[in-house]
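When the chains are written out, they are named A, B, C and D in that same order, and each has its own residue count from 1.
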């Protein structure tokens, strides 16, 4: 099979990617575009598979707020039912005569809300042991609810996130006397990232000793670390004789379902923590014969450098050697 | 004694495990199944031996909630007593005539609860200097109580935990031309673990220079690091000539009270912190002649990989060479 | 051009600073005096360029408090308008006859404030479904607002900051048989910094192969790490034969727009985190022929060492060899 | 001078301790018994020398609580004065006739407290624009106060602390064919410390080239790292030919004002953070001819190991070779 002569014997295999080597057990791309592994867990109960704190941390803000309000309403309905069950004559300030049951329940609901939030105006107040005890419990639960909400809010916005934009495509561009695989990334927020480090891995499915296996290769980079990630950074894998991509054609990439996995970490000065992100490029996201245009310029009075984030995907077609 | 010829002189001893070397001073297994050291501290007062924050962080949720409510009730009883002692005629809204003392105390209790939670409906309110001052103090203490509860809640759910399942047994399986000690682990939650690193140590009690000592050996692994812990990971210690387990029989394991200690750490992307866990396998938890079955498959339309958590202990009996 | 013979061929270039190499694209100094990169991002919407959490963390305290109060007032105005729109006859305790609309709106505003803060005296209270529901929602939003404020306060003061003062000038001082570039720094707060590490980089614009390029050189230091940053620390770059500054004159510095970039990190014992800071010295901030005076003395009874922070810029003019 | 022949020329000097080398500028011991540097900063304003967050984090709990209450009372006094100044006829529920000014002020104080804590019973409530606006402001400030208190509480108990007990004395004990300097430490709480690392440095004042200088020597240790700090750990510096203590007598120690500085760090599993601590031993805290007794035993049924914290200073006198 023609494919086999393409696998560069000098390329160094990377066996510790953590991905499976058995392609018949492995489905789809290795890494999703957002950097997460394309894997689904099952065979255990939902709760034992889910860390709800992780879920609450990564969920979109509008959803998070919705859930907070959802719980707030659910708690109030629940306690309103209990107050109603005990009897609303035990809540001072609720007229129990000449009003519909729904109106009474509505009042119970608002009494519950006033208790849960501890606003306690006092136009309604509990009377008798059962209602008083229930109100005391509800106020406590309300405060614990806000204690938890406080923790979740802090957990959400203190979560170190790497605000990095990756170029949509990887390119095979001319480089020195040959060519190189290049990917561009840029920090897109007011963060201060230092000691950034990147790695690139090539994953593909090839036939070895007569059966298909997933193979992974580390792609050597011209530079794997930079002191400060302030401007854009172009990751460059020179396609030298030692590269698994040496002599590799666009077709080979497709046949082997080649995928370039990129991983980046850096130290964020303000989160004071390491942030990490990644992405992957499947064969159809790799452009042959293209190079990235420079994406920063000096400002008018030459006192500052401007980073143009909208130019991250700006490329020029070039012919390869 | 037959045992001695089994100790492989090429094996590399590990003297810095932190465990004692004196078996007559050392009781039971080294490491518990949950990865903690099997040690108990004494000879110091309870308080100086306990970090209550650690206790509050690791305790089960139901217990934690119970303790919060316990303190809430205790504070209310305490302040109710003080209000009662000052005299309930200083609390507006409490009838002091024609009611039993218990009813009066009950009202004082609910007044306390309304103050502690700052719900303050106003159907009861303080009157006079002493009661007013006490109420002002209680409201302050109440808020500090919820400040502390907020911190504890956040401390609890922000605690980086490694959600890792270890196989119940270690196995001695065929490996290349010989055999290997294998342990399997898998992440079981929606976490993203990267740069995972493991180490295995063998601990045993042997006679050396005529007296019993605890000896520890590092077990070399086929792979000690993986980039991403997304699927299951089988830790493999090949039993080569340099292994302390070379020529070691099931009986030797038992005689020396052999114990394999496993330690794992990884970087959790969402906690943005290193998480660590471990476990240990005593001789009776090691199966000779068994291998782990693969625990992941592709999904139906071949776009995702499924990790079957219920198959972590799935093994097949095999004969060793 | 005379400049070229000055560039020491033995100096080791540092290509991974993360700064651009194209001076015609690059404007102004590389690093600002406060250690941040002199770069501005554009070409993306404001929101996608800003991490508001970072903004809230680094903003001066007075501004932060102002913003909190600003939102408080804005929320109250907003809800007051809604209460007003529904009709103030639905708020018990507000006289709707014989008062001006402004007075009525003022009362609605204070009712809103009492609801938002959950103080809920009860001299005003909601009546009817719409107003009650709005008040229940406002109390909830108020508590979430304080949950967020709590998180921001904690985020602000738990942010690891390196409380380091740098000397205003760098000096070229005599050192052993030659001279050295020296910078002084000192911790100025009650922090305990350990394992401090520094690095110095020289950036300049020079002509190479006929076009201007930005070049960066690592400046070797006499000592790059110290165990504990307790007293002042003078960073010393000996101008040896291998130094890019060897044979470099004050004029060369100016011509090449030379800039010395300093970066420091250390482990702060109380934040329990790595803290990082930096600064830079452009050619006009480098003094030729000056040395730093010692800035610590023993106290009167010789039991403590005093660090005089006001002497950080104290120098003595000296002649160079 | 006899002293000089004692300084072992093979000992390796440690120049990067961060302590000053000029003994006439340096007063007292280098490191205090609690591991902090014996240094005092001056020459800058109090505020610029103090990180109040650090102060609030390390202060004893009783002091912290006292400060919280102190501010609470101060705020209430301040606002009470303002309410009083505006006129208490603008606070509903305060009788302004037939009571003393002090009583009126007392009521204003409690109204303030009810507002600050947002308990707002409603037996007193604001009336008129000025008082209403002031109360709205106070409730806001009160909530921010508790937001800050929440953050400080969390900051305090989440501060990673190394719960390590050091032996009160260092000992010079027999070791192999010679002797060794030994220090013992043990974790004394329910923490799980892993990857512990220690270093020992000897500091002393000696005459060099005719003037006194502070010299520091790294003391090589038999073991500098252990995997898990579960039992006691005896730090051992063998006094070999390369040791700066080789041939050093008790008198030499005293003459040079020798001080052994110990530094320890480890990873705490529950704080999920590195914890660090240290101590120092001046010459009069070093016992010649003594060894530590073992401080752990097995429990009665040989299933657990007991660590006896009260035996950390338990030593036996021995004669040195």
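The working rule: a contact is a pair of C-beta atoms (placed from the backbone, for glycine too) under 8 Å apart; a residue touches a chain by one contact, two chains touch by 3 or more.
Being a predicted model, the structure only gives us computed values, none of them experimental.
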Partner chains shared by subunit A and subunit B (touch criterion as defined above): C, D
A-D, B-D or B-C - pair sharing over half of the A-B contact pairs: B-D
Of C-D and B-C, whichever chain pair has more C-beta contact pairs: C-D
Self-contact between copies subunit A and subunit C, residue sets same or different by half: different
Centre-of-Cα separation between subunit C and subunit B, whole angstrom: 38
Rounded Å distance between subunit C and subunit D, as computed from the means of their C-alpha atoms: 27
Subunit A residues counted as touching two or more neighbouring chains: 114, 118-122, 146, 150, 154, 273
Subunit B partner contacts - residues on subunit C that touch it in the complex: 118, 120-122, 150
Sites on subunit A touched by subunit B in the complex: 14-20, 22, 24-28, 36-44, 48-51, 53-55, 57-58, 92, 114-115, 118-122, 124-127, 129, 132-133, 135-136, 139-140, 142-144, 146-148, 150-152, 154-155, 159-160, 199, 201, 263, 271, 273-276
Residues of subunit A that touch subunit C when the two form their complex: 65, 68-69, 72, 76, 106, 110, 113-114, 117-123, 146, 149-150, 153-154, 157-158, 161, 163, 187-192, 194, 196, 223, 225-231, 233, 267, 269-270, 272-273, 294, 296-299, 301-311
